[in-house]
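Presented below are the structures under discussion, each in the form of structure tokens.
In what follows, chain A forms one complex with chain B and a second complex with chain C.
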Partner chain A sequence: MISFASFPSRYEDTTYEKTRHHASVKEDFMDIDDAESFEAQGSKLTCPGESLTSSQAYMRGHGTYVENEEVIASVAGTIERVNKLVSVRAIRSRYNPEVGDLVVGRITEVQPRRWKVDAHSRQDAVLMLSSVNLPGGVQRRKLESDELQMRGFFEEGDLLVAEVQAFFSDGAMSLHTRSLKYGKLRNGQLVVVPPILVRRLKSHFLTLPCGVDLILGLNGYIWVSKHVKENEQEGEEGFDAEAVYSNVNDDIDDSTRAAISRVTHIIRILTSRFIPLSDTLLLEAYEWSVEHGSDVKDLLHQDFGDALVVSITSGQ
Partner chain B sequence: MTSSTIITNNSHARIVEFVSTLFAQHLAYTGMASRVEILNEGGFRSDGRRQFELRSINIDLSQQGHADGSASISHGLTHVLVSVFGPREAKNRSQTIHDRANLNVELSIAAFSTGDRRKRSRGDKRVMEVAGAIKSTFEPVIQTSLYPRSQIDIFVQVIQQDGGVLQACINATTLALISAGIPMVDFVCAISGGVHSTNPFLDLTLIEESDVPNLTIAVMPKTQKVSLVTMETRLHVDRYEEIFRLAIDAGLIIHEEMKAAVLARSKTLMTCIDLGTHGGEEME
Partner chain C sequence: MSTTLLSKAEKSFIQAGLLSNPPSRADGRSLHDFRTISLETSVAPLANGSARLSIGRNPYDGSGGTEVLAAAKLEVETIQHGSGGVEGGKIACSVTCSPAAYPHLSSAALEDLQYDMTTILQDTLTHPSLHPKNLGILSGKKSWLLNLDLVVLVDSGNVYDAIFMAARAALWDTKVPRTRSVEYKAKKSGTSGIVGGGGKAGDSGGDMDVDEEVVSGFDTRQIQKATDFELPDYWDEGEVLDGRQNWPICVTLNIVSPVHFLDATSQEEAATPLRVLLMISFDSSQSANIQGMRTLGNGELTVSQLTGLLKDGEKYAREIWQSLNTKLKEDNIGLIKEKNKF
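Take a look at the complex of A and B:
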């Protein structure tokens, strides 16, 4: 008998205990009503349809719903409890925006007085013309002439870094780029990872000593680019339109290009094994890969990646 | 390796029955019976299963490409792969619904999936029907009102078919939606059942499906609500209730299997996350 298997997962072990079932034998997965077991283990797992607790004693949070005075999980993930609020956080899901989050996005559409931005969320984000910086650094109302040259600022396909400013009534987010840190991205490449793997850090703008800048968007979009020195950044005074909204890359020398691709490969290796990113981890991984591998392309070998992950997670 | 699921387990001496199976097969080969026996005297089916025995189920929840959630399931030789994208901005503005998410199901059946090689286009009637059935099964189960003006794309690919295609599609879609973190009221577990003279049985293969009256149901295990019942053949009304109840029980068994797979997958991912987090802390 011939049977075709789907391509097996390379990285993850998906075996689980196989059992023989009988209708009369049923195991109960959890009993969370007692509060002690709730707190004792940090992450209890649940899946849709599992009853968590009674709705009279607890309030329902995200990832749950109430039926027949029971709080029931609606996603698979970890149960979280804050006082009387019970919620379930899905392990993999799209990005859930919060005000103040730093995101990286891509322009999908230019509309009257606004851009639509794909930010890996459930709807495209909105970037209003009034929430971008004008070239020249002048602060003034946006005029009709600005509206007519919106494509001069951002065009379809442009990448940008922005902050979540507010929400519309339907849950769509509004972005702003009114800071010198934010704006159009160039001189690098984008890596897309599951949003849960980007944790909130003190700063999401990282500079690695290998001459690479990183922007870790909380939406799981990561921008890896050539390092720009502080004093060469487009400052307040010399704020000229060409530099900020330019579509042309600077010259990037070969060693920087290699460093950029090394960092992107490392990010891909870590996230394919579902390891959350942090600055220390990335740095450690970079040093390890320089020590052990002569070439960037070695990172594409699976056993090399495995060795890297083992060495950095063992906490040497 | 098999996780074959036995629902009823009468403790007859199986060896005796095996011998009688051989005898029955011998009769079949020597021309006493003209075609495949659906249920022989020993109580075995054409593939050696008992009446209420399900085929082995294999679930793979590993990530495929850049889909938000994906799953593949095989019921015996029937193999289906599902990728879920979304909730995301609708490609087509006319498809947005202002107060809930729009569900978009696209089914493709591989040309090599059946005995007779044949290409089915997306507009094929049969394909449209199955896609429609999947969509209507999941519309009440997914909490679409949480995602107004969004779209959830479900791409179903049938890799191999040996009976029970709809059941495999629905089970795989459930798993893919869960792995995408899309909120659902409950699992949806589908199973097919049929009747041969007066003997009901479960999880039909292609041979059985073409020979006996059958139905497919999708059940939500928690409430035991039934989200889908389809019948393409005529089934005697007196037999209907029996097979319907039996299929619901079988759905609950499949639920156990799917739940175990989801929890195991969640556990693996959480261990990886913890590993990375603690490894990082120790370095500081």
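Take a look at the complex of A and C:
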């Protein structure tokens, strides 16, 4: 029932695989004449404090600073260059939104004519009352009565799936849910992963054959829920506000519940090993886990997770 | 009071899972399973005893999991009117929550939370029945003040169990320095000399460099001769805290009527209307003593329910108690081995 373990030794991972140069050996990442070689180095990771290039030839961008006329990385990440601007995109960071991204967010605050949404970004996102689907027709002017019942649509703590619509001048993103695919989430649970592990896919709405729907938010919030058949989706004919903004879950049978739990675990296992998620990978991992482990509880064991990762990554 | 935001749909999803037959939880555990607990003692070199504990830590990247750091530090207090010292020493507990552990809470709410935690810990651990006997130094003059400070670094549920386990581990690890009393005797010439001895260690000492104090030879009121103390061996860590096997542990029973479950994650906690904390310790004959009890949340509880919960709670506590003791003893042996290497 209860088991105790020790913390891993704090000094075990101090060995660097990278070769260390003497200070006199200059390692310059940028070479103005040889732009192609820089492209080849594009996947190289920087260390915080690592010198990238001369500040006289280049401008410093995000993730860098200048000291002694050198551009130095301030984060661990990949180098990006646009003309003369050098920046480092951090590996572990909050979500950097782009217009058109699909995100999953949680309402944190209800304000006049808008909701504040936590979307794992640096600032809370904003969802305007004018950018949600209102009951009684998609194209309708918003009324004062809508403003008074905003909590009837979304209230604090509610989860929703939305698209990034635009940015405000301060960099906060504005969301919209003006599609029948978007809106409030129910019948499932949320998994939070580092945003960098969610790749851009053709579709971020996945359906696994085990009766589980997945919404891979680009902000690292992943919604795992019971599968809803296409023709049973709310608002097929017209728009049923009652169903779209409902807080009540459907009946979920035990096998679906176990499948949701299993998929959640697989995502956790993959992300703890820093493996980017994709639809095929998740499906493969699910099949493997059903084949090899009888119980969802088995997935909690570290050895099992290791075996899973080895088998699915070797196949690639 | 919940520290995590959860939508109504998520709440009912979790509750329905707990109530279904067989019950299912988000991470596939059964109702009375704990997540893996990582524990190490003697982590803070400057403290007299310390422990780091984490519940449900991901062994790969170290993420997730409730993490608590506990450290005990001894301080000498003078027993005098006006100063804080108390005959026989005392214990002061404090719990601090890192703002990173509760990013959604305002600073005022965070203060409330850590005040609640401090109160529960302080009330339970300072009960006279648990008081260690070796916190006194000189009767009527000096005593030890044991500061037990805990920091909640990450909270992903079940923080009270973690706090009490970490506190127990840190106090188990605590060493009280050995002391020896020093007394001054008036010489005929009027100056005073020092004579060691009469202390706990009972070893006779030589001459020392101590501030001299003139004592009147006519003063007969002073019954206690010893006026100060010294450490016979600076490098010796000292003896273990008395009664270290008695420090209680906490079992949190999360109640979603009619079932209860253990070791809730923070999402599960937010979906639980009522939590009952049972602080239990076991004496040498393995009979359980309830050292404290709290309810958290706004759910309801009947007396008949409570008697059942107490019985179950005792059973869980016994299991936790035994495995924690085994782990602490193992750790102790490991530390001694490490020390003997040099």
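In this text, the second predicted complex is superposed on the first by the 252 of 316 C-alpha atoms of A that agree within 3 Å, B and C clash if a C-alpha of one lies under 4 Å from a C-alpha of the other, contacts with A are read in each partner's own complex, and residues count from 1 in each chain.
Following the convention adopted for this analysis, a residue touches a chain if its C-beta (ideal position, glycine included) is under 8 Å from a C-beta of that chain, and two chains touch if they have at least 3 such contacts.
This one's a predicted model, so the numbers in the text were calculated from it and none came from an experiment.
Look at A:248: by the touch rule set out above, it reaches chain C but stays clear of chain B. Legend: residue contacts after superposition of the two complexes on their common chain; A:156 is shown touching chain C, with no touch to chain B.
Within the superposed three-chain arrangement, the count of touched residues of chain A is higher for B, of the candidates chain B and chain C. In the superposition on chain A, A:270 makes contact with chain B only, not with chain C. Residue contacts after overlaying the shared chain place A:207 against neither chain B nor chain C.
Contact with chain C, but none with chain B, is seen for A:186 once the two complexes are overlaid on the shared chain. Once both structures are placed on chain A, chain A residues 1, 3-4, 6-8, 108, 118, 272-274 are touched by chain B and, in the other complex, by chain C.
The part of chain A that touches chain B in the complex is made up of residues 1, 3-4, 6-9, 11-23, 26, 29, 43, 45, 47-49, 51, 63, 65, 72, 74-78, 90-94, 108, 116, 118, 122-124, 170-172, 192, 196-197, 270, 272-276, 278, 280-281, 284, 312-315. On the side of chain A, the complex with chain C involves touching residues 1-8, 106, 108, 118, 156-159, 184-190, 247-249, 252, 254, 257-258, 261-262, 264-265, 268, 272-274, 295-297, 299-300, 302, 305. Every residue of chain C that touches chain A in the complex is listed here, in rising order: 5-10, 12-14, 16-17, 20, 22, 24-30, 32-34, 36-40, 52, 54, 58-61, 63, 104, 267, 316, 319-320, 323-324, 326-327, 331.
Within the complex formed with chain A, the residues of chain B that make contact are 1-9, 59-64, 66, 68-69, 72, 74, 77, 79, 81, 86-89, 98, 143, 147-150, 159-160, 178-187, 220-222, 249, 252-253, 256-257, 259-270, 272-280, 282-284.
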